[in-house]
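Beneath this line is the structure, given in structure tokens, with notes to follow.
Labels A, B, C and D are assigned to the chains in the order they are written; within every chain, residues are numbered from 1.
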Amino acid sequence: MRIWRYIAMFLFVGCLAGEASAQNTISNLPRKETLIVENPEGTIKNAGWFNIWAINAGGQSTGLHQLGMDTFWYIDPQKGVDGVWDNSLAADKPIYNADFTEMTVKLRKGIFWSDGVEFSAADVLYTIQTHMKTNGLRWSAPVQVNVAEVSAPDDSTVVFKLKKPNSRFHALFTVRWNAMWMMPKHVFEKAGDPLKFANDPPVTLGAYTLNSYDPNGKWFIWQKRPDWQRTTVARFGEPGPKYVAYVDPGPPDKRVIAQMNHELDIIHDVSPEGMFTLAKQSKTSHGWFKGFPYAHPDPTLPAVVLNAQNEMFKSRDVRWALALLIDIKAVSMASYRGAATISAIGVPPTGSAPDVYHAPLEAWLKDFEIDTGKRKVKPYDPTIGKQIADSLRPSLGEQIPSSADEIAKSFGRGWWKPNPQAAQELLERAGYSKKGDKWFMPDGKPFSIKLMVEGEGRPVMTRAGSMITQQWRQFGIDASTVVAQGSMVDRRAAGDFEAMITWSVETWGGHPDLSFFLDSWHSQFVAQPGKPQPPRNWQRWTNPELDKIIEQVRQTGFDDPKGLELGRDYVKLVVREMPTIPLMSYNVFTVMDDTYWTGYPNAATAPYTDPVPNWANTKYMMVKLKPKQ
Amino acid sequence: MSAPVLEVSGLRAYYRTSAFGTRREVRAVDDVDLRIEAGEIYGLAGESSCGKTTLIKTIANAIQPPLEVLAGSVVFNFRDQRIDMHGASREELRDIRWKRLSYIMQGSMNVLNPVRRVRHAFVDFAFRHIGRSKAEFLDIVRAHLRRLHLEPDVLDAYPHQLSGGMRQRVTIALATVCRPEFIIADEPTTALDVVVQKGVLAMIHSVQREMGSSVIFVTHDMAVHANLTDRLGIMYGGRLVEEGRTADVFRRPRHPYTAHLIASLPRLGDAAPKEGLTGAPPNLADPPPGCRFHPRCPLASDICRREVPPMTERAPGHRAACFHSDQVSPP
Amino acid sequence: MISGYPLYLLGRLGQFALVVFIGINIAFIVTHATPIDPVEQSIAAATQFGSTSPEAIALMRQSLKELYGLEGGLAEQYASFWRRVAVGDFGPSLSAFPTPVSVLIGRALPWTVSLLVVSTLLTWALGNLLGGLAGYYAKNRTLRLAGLLAMAFHPIPYYIVAFLLLIVFGYLWPVLPISGGYKMNMARDWSWEFIGSLLIHGILPVCSLALVGLGGWFMGMRSLVSNIVTEDYVTYAELGGVKRGRILGSYVMRNALVPQITGLAMSLGAIFNGAIITEQVFGYPGVGTLLVSAVHVGDYSLVLGITTVSIVAVSLAVLLIDLLYPLLDPRVKAR
Amino acid sequence: MGRSFLDLLRLNRQFAAGVVLLSLVTLFALLSFVSPYPPNDSFVVPPDLPPSWTNLMGTTSRGQDLFWLLTFAIRNTLLFGITVAVISRILALVIGLVAGYSGGLVDRALMSINDTFIVIPLFPILVLFYFVMKDHMSWSLLALMMACLGWAYDARLIRSVALSLRTREFTETGIFSGMSMRRILVEEHLPYVLPIVFSTTMNNINWSIGFEVTLSVLGFTDINTPTVGVLIYWANQHTALVAGIWWWIFFPVLLVILTFIGLFLLAVSMNEHIDPRSRLGRSEG
């Protein structure tokens, strides 16, 4: 069969030809000057759309909001380059009047749009006014709800008159992942309907402009502005990469392969196993922590969210019983293979929170008691973080920190000790009963819980969920995990679930103020069953005491130390009531490859920002990155 | 006298299968000798699964596993070429096929490619032997068809558009277009109704007369043999049991099986129902010892059960394999 | 018979129109039955991670509803859907508002069509050729081995095959690109360089589809052929000394191809659904990814757009096959 | 029937091999009833162990013994495939034969329905069905749904054979001798289309299992019922392929291949047995 020989030869030659080019995935750009970053949005359906103010019409973390956008302030989820708070377009912090009905912003001077036009108060005015008169822009609703009038007494001052007092109005312009971005007036006023304008190519305020993009939405390449000195990050130095490519690298296995081939400098997130594989096989790859647990704890708190409008979870005793049936060590192993940062309280254990909340409340937690009806138990076990570290040490050795402080930082502190006996007593007090080895509700129906998880979108949480239902099942509760692939957003909003793993707590990270999520927990926002619930109080839990705390926070300034006290009150309240069962921070396995670039943020020596590259805050990473040589 | 066109000697062809180590042999053709002279129509008769078709396949070398030729030879003596069918190369065989040796097959319904027009069959089968240009070739074919009283239009028809009898005529035309020296006709009339059958037989007869070809004509229908063939061979259980001029065989059969076949022909004025043979045809995987017909034979004796009766000449040109040849009663 | 053909044609065209109409209606009903609300999806997308004031949500919901034109009832949407489809417009996508659905499909379709036409034809031709040879030369060892391989590959879930290829040629022996349809930052100018890049990026997707698809055609063809070789007309042609190549081609394959061509037409019609897993694994652009993401976010305009294109394409393929069938198999009278 | 089964087993090597393979797979699936571990419990054994004598097929990253887990998965997957195949075969046979035989208006009407099922794209429908069913989605529902969507193609195939059978003489003989449609279809046409039914059964099972895996890979699955798809789903979530846990993928795939080859051999040998022509060819003397 001579034909086979030809085929083999053809393949061989083809492969040789391929070998040269397959190594290099970008054409016409020097790899050494290019940073390749994963965009977790994946393929962008409408790639040629760079009007970020029109909802959904295009990608956001394609580099567009990290490298192209800017607004008044940034709060860093970690320590920040120069402190947590950065005045970006603003020259100073927000200035409120006494009753929080007016906010004044002083603008930084000498900042230019990428087309050479200077940024000024007129742009701000245009942005706000456009949102006031146009419905359906990304920030139209919050602007219309809050702003009565906006004015610019001079070129670098903007004054917002608010419809009602709001001590957190600046949050709208303060980047935590994103915030309301400023529009280039000179571009948009010529563009007609701002909802239908594609803004391609975008005129940017950031240090980069668009170089090229794939019409099919697989990649976006940005290029450093020659006048980068006229942008806000210039205060910290020159951005390192000349080009930044945001790509859709495909499923997790492929991201691992791509980084092992050194064709993906930053992986946004990957499975724990993928992270371990990279740590083992690629000398140049590393995570936020130098060794285990590698991942960056995002200021997000995955929890078992119990739908408070469901009869089953109305009793605090039941909620507490469910918490006491969870063995967090097993959950940590099942979800993150131990690489989790656990938290017993309703604040993510990251950024400034451990110092402000976790450490100071440790003593209170140790003494905290719950009454099972038969006896009082102290549920808190402060050694669980250490136990997790100890159980990992035999297989991972050196990588596992040994100082109590380090352990607390990487693995968290304590959690609730599994206590089936107490859970049984609590359930019995709530009128539940056990017949044979099955539990029944007071109305005689079997006690059955469907725990909803997100599936593919959050694989680690799916794993945690299946471990938790397994533990509940072993206790005699008819628990099962259901995957709400695709429909999670709708079901979560509509309250169409019994229990789910998601987060209703997100914080600034670097800043201890809790209003970011807490305000939405006020009972005034809780929707009727079946009606959509505004983010983030997915548990639809109401409590008069909580309302009181929230109302007090609203009247307290953002940086007022009194806010911390109120925050701690909130923590104590939710520990007593257990409306959601906090598990751990959302650890993101962002993996960075040193082959072409150094200077990435890390926990030990450079905690200047969050490495997770879809955060708009990563603009600060660019100025710290240096070519490897 | 010149050599016979076809010489078959000592031919033995078995179906051999083996499953899980168990060998199975079906002795479909066992020790067959026959000769066919130039220009004669030789008939081959016998009930179904007596080995007729296998014999023909073996003669034409159309054998495929599990059929194997174990012994014997098949030799054609064409006018200027002698060919051993089982010793010749593929190319040699291909050369004689259709030019010297052609075939009219059983089940004429399906012998033509259903998705192509009839014309292509003529091209595929005969063009390489006739040569010339395509147009000239088609002219020759048309002339041939006309000679056989067929409309040349049939060339442009698909097989399914022709009636059964028509298709069989086309097949005969196809088989004879190269004026072959030898034609194998395997039950060409079996599926046809009586009237059509008669026409087809007449056609074969006239073609054969015209071209002087030799024909081996297989059918189980004794009436057809009586009307068409010059000589007749009777097969039973994989063996040739009687052979002679057709008229002789009909007049004075020398084998009880032949007698039975002839007796079962309907005749005018017959009132009594025909007496059937008892028993089933022999299982050729495990044939009875001795004469294979003995279990069903009214004349069977001890020797028949022990020894295989040899094929011996009982009258000039009339051979039979029976120990009790003399006792066979004429019809 | 000829005089009946126009009548038959008319009837068949009517059936085509009916099938398309019913199909699109089913698609309309099904897509609108989705519990996924595009407005909620947009709100979630706009409020995830970032700062959100709960008071603003209700306002946002209302204005998005107006913007997307979802205010009217189902009947109204149905009417406007048909009004638009009649002029070949599927309206704006709800998840990429205000970009028209047709623009989104138009961007993805060329990739899908070229990838799948190439791989389908290649697979079909190769599968049938090998299958035909294997059925005809049943004893040939190489062909038997090929058959065994095709059969072993056939049942492996496609995802696994694709990924194994990716690991082998993208990592262990990194000779082929594993992502995208062409190199990043390359101008789509139809230069030789660009075409070369297109081809080399297509190798793995095409091969993966071929590896898995080959077995089906192979086995189908082999069993068809092994039935056909016992047909009288094949035996007869062999007795007639017709060349083996000619027998294989004009007698055996020609007859066996009739059902295989039907299969081919249908697979070609079905390509408008895209190759979802291929696109996912190889990061290849195409309609599949678009469809999956549209389904995920409840963008029923887009789902309906893709579905309608696919319905029309498959129906057309079926129609063509029915009209051409008498040519392929003259035994079947058009009726 | 029993005799011919034994005959086939004795005489037809392909049939015997197919039966042996399928028996092994079935036996393996039956082992699920004596599994020491419930299928949904994780971390019952140490994770990530390669195959060894104690864990024949190794353990998964979820701390499950792959051998026992796979017994459940194969059982459910087989049941799934067979359910889809049987239901859709019945639909395809009835509709294909009746349409092909009747012709005319009946044919036109049936083929319109048939074509509608061919043209509506499966994927969005199944996913939307999944959305609508929410937590009630189970493999049996999915099987039912796929059976309802998976018959049309083969019905068309059967119809086309039935169409050409209709033009054959024996059908007309049958009609003239006064056989009822049901009898002609069952006694005359069915034997001719049975080979198609057998080979399409295999393809249908393969198709449905493949589709189940595709949906699983995309995450549209009920993770509480282990199937081959769910196994791959979990393996995927743990990036088993790049993490070097190859056995997590290898053994499920191996079993699927064995099942498929078993079915294939069975289909081929049954076809030979049933097909009137090749049977004649075999016994002809």
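In the analysis below, a residue touches a chain if its C-beta (ideal position, glycine included) is under 8 Å from a C-beta of that chain, and two chains touch if they have at least 3 such contacts.
This structure is a prediction, so every number in the text was calculated from the model and none was measured.
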item	value
Centrality ranking, top chain (CA atoms only)	C
Pair with more cross-chain C-beta pairs in contact, given B-C and C-D	C-D
Distance from chain C to chain B - Cα centre to Cα centre, in angstrom	54
Between chain C and chain D, centroid-to-centroid distance (C-alpha), Å	22
Euclidean distance of C-alpha centroids - chain A vs chain C, Å	38
Centroid distance [mean C-alpha coordinates] between chain D and chain B, Å	48
Overlap residues in chain B, where contacts from two or more other chains coincide	109, 160
For chain A, residues that touch 2 or more chains besides their own	251, 253, 257, 486-487, 491
In chain C, residues with contacts to at least two other chains	35-36, 163, 167, 280, 295, 329, 331
Chain C residues within the chain B interface of the complex	231-233, 235-243, 246, 250-251, 254-255, 258, 328-331
Parts of chain A lying in touch with chain D, wherever the complex brings them together	251-253, 256-257, 270-271, 273-274, 276-277, 330, 333-334, 337, 450, 452, 455-457, 459, 462-463, 466-467, 470, 473-474, 480-487, 491, 496
Complex interface listing, chain C residues touching chain D	11, 15, 18-20, 22-23, 26-27, 30-31, 33-36, 151-152, 154-160, 163-164, 167, 216, 219-220, 223, 227, 230, 259, 262, 266, 269-270, 273, 276-277, 280, 291-292, 295, 303, 306-307, 310-311, 314-315, 318, 325, 329, 331-333, 335
Chain D residues touching chain C - in the complex, by the definition given at the top	103-104, 108, 111-112, 115-116, 118-125, 127-128, 131-132, 134, 153, 156-157, 160, 163-164, 167, 195, 199, 203, 206, 209-210, 213-214, 217-218, 228-229, 232, 241-242, 249, 253, 256-257, 259-261, 264, 268, 271, 275, 277-278, 281
Footprint of chain C on chain A - complex, ascending	1, 14-19, 21-29, 42-43, 45-46, 49, 54-58, 135-136, 138, 140-142, 144-146, 171-172, 174, 176-179, 195-196, 211-212, 214-219, 221, 245, 247-251, 253-254, 257-258, 260-261, 486-487, 489-491, 493-494, 506, 516, 519-520, 522, 525, 532, 534-537, 615
